[in-house]
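These are the structures, in structure tokens.
Look at the two complexes coming up: chain A is in both, with chain B in one and chain C in the other.
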Partner chain A sequence: MELSSFILKRLILMVVVIFGVLIIVFVVTRIIPADPVGAILGGNAPPAAVDAMRHQLGLDKPIFMQLLDYLGGVLRGNFGNSLVSSRSVITDILEYLPATIELAISSIIFAVLLGTTLGLLSAVFRNRFIDHFSRVFSILGISLPGFWLGLILILFFYYRLGWLPSGGQYDMFLSPTRVTGLVLLDSVITGEWNVFFNAIKHLILPTFILGYSSTASIARIMRASMLDVLHQNYIRTARAKGLPKKTVILRHALRNALIPVVTIIGLEFGGLLSGAVLTETIFSWPGLGRYIVNSLLTLDYPAISGGTIFIALIYSVVNLVVDILYAALDPRMRA
Partner chain B sequence: MNRKRKAIAGLLFLAALSVAVAANIPKDTLVVASNSEIFKSFDPGVCFEVEPSVYVKNIYANLVTLKMVDGAFTPVPDLAEKWEQSSDGKTWTFYLRKGAKFANGDPVKASDVEYSYRRAITINKSPAWLFKDTLGLTVDSIKAVNDTTVTIVTNGAPSNIVLSVLAANIGGVLNEKEVRAHEVSGDMGQAWLTDHSAGAGAYVLKEWKRKTQIVLTANKNYFNGEPPIKTIIVRDVPEASDRYLLLKKGDVDVAWQITVEQAASLRDKSEDVALISTPAQSLEYVAMNASWGPFKDNRVRQAVKYAIDYDAIINKVREGFAIKNQQFLAIGYFGYKESNPYKRDVEKAKKLLADAGYPNGFEVEIVTSESDIRRAEAVVVQSNLADIGIKSNIVVMPAAQMYDKYRNQGLQMIVAGWGIDYPDADALAKPFADYTVKQLAWRNAWLDDKAAAMTAAAAKEINDKKRAQMYIDLVQYWQVNGPFAMLYQPIEYWGIRKEVKGYDKAFEGYNVHCNFTLISK
Partner chain C sequence: MEQQRGDLLDISGLRVVFNTYAGQVKALNGVELWMNHGERLGVVGETGCGKSVTALSVMRLIEEPGEITSGALWFEGRNLAQLSENDLNSIRGKDIAMIFQEPVAALNPVMKVGAQIVENIECQRRSADAGQIPDKRAFSEIMRDMLGRVGLDWQRTENLYPHELSGGMAQRVMIAMALSSKPKLLIADEPTSALDVTIQAQILNLLNKLVRETQTAVLLITHAMGVAAQFCDFIAVMYAGNVVEYGSVQSIFRNPLHPYTKGLLNAVPKIGRTDELQSIPGIVPDLIDPPSGCRFHPRCPYRKPDCDTLEPTLRAAKTEPAADRHHVACFLYQNDA
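Showing the complex of A and B:
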């Protein structure tokens, strides 16, 4: 199959997935025996006010009619207004999404660089110190709760040493110009270098916390995959030809060992996007994770649906890119 | 060479990063760390949540405001310098002070008051019932007679109720011209006022970067003179431990919503940080559904009231940050007279249960919300009930689910709280004792006509002495017969840096009376 028709097929599948997510989220949120209006108006609101708001929001219509209304809106690009903020869900999401993307990208870069390096070194120097170190590091990364570790790091690096800030994207007295919403990128575009360095400093701890468990998974996969490749005949042949060890590992083995790693990177990135809420909470990060979790707690239907669809969309796109990369790396995948 | 260059570049990068992290807060700036997740709007006609209303109160001036005088909320002039009440008690005439200006320099006119009140009724958001139901106002009830005189025709509610409601956020006076200029498709400026301001109060909302920070700046045209604190920054810090560390480190001046344990540690030993506290405008209670099984019998409800260890909840769960108050009236409120008839008496409780025909107890479900404090309270109540043979299961529900069931009388027992809407006895008597308003008494199916009639009569009595006695009688009747075991009135607290002065005075009445102009550094 040609690469282009492969991509087309995947795109069609993506639309189906998004549509499925939309219906499932809609139905699940509506069948929960709870009332968002009660939560939004607060415990004191008199029943007349609750009924009036339910009517105003169309929540007194049958679920099927509500679904049709909603789908009609979505097809016209209208995801409705958040019940909590009263703003369009798209406005809300576009305000918080860049912060989440920025943190997810920096975390995945951190995880890939450190994870592949550790995995590679572990495989090459199997059962030596670096391998043991990498193994302990990985087990801690997967097993330590990020929430706890985050607080410990804040206590140490912010409170005791004063090297790093405790949270937020930049210092409170700075007011960066918003272009894309990605603070690092914006500060480069506008040449606000003080913001750039300040934002980097604010990124360090959350990046580490969010990226740590991914680093660990990538290191484990990389090690296994590399060990597997190193035992292949073509590696033995390359060595027998008298090529230096470094060339064999970096030119011949690494590329092939990376194939399974690429797959996991796609999955990990999706996890980083949707699983950032704890990191966002500890580090006061103005991201989408907190928005969605808060929407869940107040049962803010439009915000839950909108937020979930955005995450699903990004997740699908990232995995599509990964599959394309995969197909490019390994032609057998296109079959 | 290449390596050297890389090393130098690396060092430069690190140097750029290592600029001191701690922010130096200027003397005229107050930085507050708070979880601002609950903030929805700064529109005085919309905002009804406790914490955001603290800021709205300082952005908008009202006709009257409330001040703590001898421990009681007392209405005092704000934009109105004086007022009169007609002999039938229904028509109020307010005379505006001369020369008051909005933050943008426009003069404050009676027509602005008329517009603001009519707008609040028309947009009909969460606080609108205060005007519509409590005072019986319609859009025709408010009239600007001339530039400095405005009349309001009420349903004849007692003066303390009228003035308390006018002093609430919904009575904030907007600059009509400015709001009209920002109307979008007939929304009466709602979208714009969500994160902008058009008031005559001490501060102006300069910026609201959601989930990052809120910035207020001093209003140069404020009629009482510019306040000492020129900028207030509210940093959004969702995690309590972060707020506590920021405070201890000096990167914020005030920390809101720290945990009771953190507050207790500040109270017991603190060097640079002090703890400021004030009675909260809320009450914490356990309620029993009077239409459910054993709770139909008042003796069972009384047994529960005698089983609860109030002191353990106040001293252990709240670390002492609570005041024993077993009535629906908060301390300092009209008609309040200390009355705490219940204390833990297991034998008496057991006897009451046996008399009611439940010598071996029964099984009940206690519902509560996701707050740590409430869960801890529920656990104490659970073990107290176990001592008299009642087996209870605790169910923790998210707010959306809990309120849905509660409003439909669908809970057996609940541990919850009630925030006070305006500082008058009526704001508490109605929800707790009058089932016809379909609030707490109704949710717990306590359909007591006598209590409802007593509440309605007290709300209409304009003789203050008589009215006060009516509430004392109602409290007594309600304490014996009602479905509520009142746990306590919480104490609200803040951790503040010692260089901040006047915070205690500013927050004496918590959200009802909070005045940032009294704060300095």
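Showing the complex of A and C:
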């Protein structure tokens, strides 16, 4: 199959998936036994005001009609207005999204670099010290709860040592110029280097906490995959050519071993973008995860739906990119 | 250093073990083999007798949990068993090249086959003329020439990936790769076993033609007596980690001495043969706990009292001309011992 027709097919499939997510989220939020009007106006509001609000938000229509209204809006690019901020949901999301993207990207870079390196060394020096270290490190990464470890690290590096800040994207007294919303990128563009280094310091702990379990998964898959590849016949052929061990590993084994790892990296990255809720809460990170949690607490229906669809969209795009990368890495996939 | 029996390769007393959870597998139990430049030696035996382990030992490609515990691998006066990885890498692929049983699996699935051949040429040249700037275009020329010589159209082949090749084409690519560095010794480990019968003949004919042109010595590992007889000058018969009989093809076929060799030849069907096909009774021994003495004694119809306590060594059969190099490891022929 041609790559372009493959991508087109996946794009069509993606639209179907997004609409599926949209309908499920819409229906689920509407049938839970909670009343957004009560949440907005408070429990003691007069019935007339409640009815007026209900009508204004369209909540007095049957669910099916509400869904059609919503789908019609989405097709026109209108995700509705937040019940809390009264702004367009898109505006809200675009404000919170960059912080999440920044954290997710820095976490995945951390996880990929450390995870593949540990996995590679672990496989090449099997049953030696580095292997044992990497395996213990991985087990801890998968089993330690991130929110607990996050609090411990804040206690240690902020409270005891005072080396790193406890939360936020940058210090409160700074007011960086917003260009793209990605603080690191903006500070480089505008040359505000104090903001840049301040933001880096704020990124260290959340990156570690968010990326740790991904690092562990990547290291484990990398190790298993590498051990498998090192026993393949073509590695023996490469050695029979008289290539030095380093070349055999880096040129022949690594690329083959990376094929399954790319899948995991894609899934983990999708997870980082969408699943940073706890980390964002602990580190007061102004990201999408926190936006959705707050929306849930205030029963902000349009915000919940909009945020969820955005995450589903990101997840689908990441998966598509992974599949394309897959084909680039493995010629057998292009057949 | 003792006198090398063959001026190219002389394996003496080679022992290899594999340390597994079930116990130590004594895969090679003092293998003796030798050959001169340009000769073709066939190593035959059943699955698990140590043929492939012997071949991999020569390349020093035995991997954990396997290890060479003793013995010498003389190659042109150097003991490969004692060389460092660096020194070995200057011999691997350059002086000794190897082709394998599963040609498609032996090629890297994510590299174009042309590039894999070029890599071999480049690797050999780099150690030969160190310091000079490698001439990639010249390497490509050699690669294309080699593809042509193994009967492949380079324009159609060089940019293919291994999964796009048939088994026969892949083995041709492997042969092109192995011979691209003009090795002195080509080790062919069951090169045709995984291929269709018609392709087997093509590959053997091709190999025959190419090594005759270049006077390359061949160590052919096979389980097919017929293939060895057709292709080789000498044959070594292996059983359970030992070479039990060694000699020219004529001497082995006309006058097989070892009871195992006799059994093997009786098990080969021939046209016009009307008697029942003979098999060797018993099964191949477990090499974790091999039989004491001669490893063949539990299956041997000519067993003598000492066969289960003493290990026979490979000795010259005295009645034949020296040129036949006929040797056998059996007490039936060593009454004087």
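Going forward, the second predicted complex is superposed on the first by the 329 of 335 C-alpha atoms of A that agree within 3 Å, B and C clash if a C-alpha of one lies under 4 Å from a C-alpha of the other, contacts with A are read in each partner's own complex, and residues count from 1 in each chain.
The rule we apply is simple: a contact is a pair of C-beta atoms (placed from the backbone, for glycine too) under 8 Å apart; a residue touches a chain by one contact, two chains touch by 3 or more.
Note that the structure is a prediction, hence the values are computed from the model and not measured.
Trainee: Look at where chain B and chain C land on chain A after superposing the complexes, then choose clash or fit.
Mentor: These partners fit in the superposed model.
Trainee: By the touch definition at the top of the document, which applies to A:329: first (chain B), second (chain C), both, or neither?
Mentor: Second partner only.
Trainee: Quick check on the superposed pair: does A:169 touch chain B, chain C, both, or neither? Answer first, second, both or neither.
Mentor: A:169: touches chain B, not chain C.
Trainee: Touch test for A:232: chain B only (first), chain C only (second), both, or neither?
Mentor: So A:232 only meets chain C here.
Trainee: Please indicate which partner A:284 is in contact with in the superposed arrangement: first for chain B, second for chain C, both, or neither.
Mentor: In the superposed model, A:284 contacts chain B only, not chain C.
Trainee: Once the shared chain is lined up, is A:242 touching chain B (first), chain C (second), both, or neither of them?
Mentor: The second partner, chain C, only.
Trainee: Any idea whether chain B or chain C touches more of chain A?
Mentor: Of chain B and chain C, more residues of chain A lie in contact with B.
Trainee: By the touch definition at the top of the document, which applies to A:298: first (chain B), second (chain C), both, or neither?
Mentor: In the superposition, A:298 contacts chain B only.
Trainee: After the superposition on A, what does A:31 contact: first (chain B), second (chain C), both or neither?
Mentor: A:31 contacts neither chain B nor chain C.
Trainee: For the overlaid structures, how many degrees, to the nearest 10, lie between chain B and chain C at the C-alpha centre of chain A?
Mentor: One gets 160 degrees for this angle.
Trainee: Quick check: superposed on A, how many Å separate the nearest Cα atoms of chain B and chain C?
Mentor: 22
Trainee: Which residues of chain A are in contact with chain B in one complex and with chain C in the other?
Mentor: In the superposed arrangement, which is not itself an observed complex, chain A uses no residue for both chain B and chain C.
Trainee: Give the list of chain C residues in touch with chain A in this complex.
Mentor: Residue list for chain C touching chain A: 59, 61, 85-86, 88-94, 97-98, 100, 102, 105-111, 119-120, 123-124, 127, 161, 163, 174, 177.
Trainee: What residues of chain B sit close enough to touch chain A in their complex?
Mentor: 16-23, 31, 37, 40-41, 48-49, 124, 126, 128-129, 133, 190-191, 194, 207, 209-213, 233, 235-239, 241-242, 245-246, 248-249, 251, 370, 398-401, 403-407, 416-419, 421, 431, 437-439
Trainee: Name, in rising order, each residue of chain A that touches chain B in their complex.
Mentor: Touching chain B: residues 32-36, 38-39, 41-50, 52, 84-87, 95-96, 151, 154-155, 158-159, 162-169, 171-173, 175, 197, 200-201, 281-282, 284, 286-287, 290-291, 294, 297-299 of chain A.
Trainee: Sort out for me which residues of chain A touch chain C in the complex.
Mentor: 232-234, 236-245, 252, 255-256, 329-332, 335
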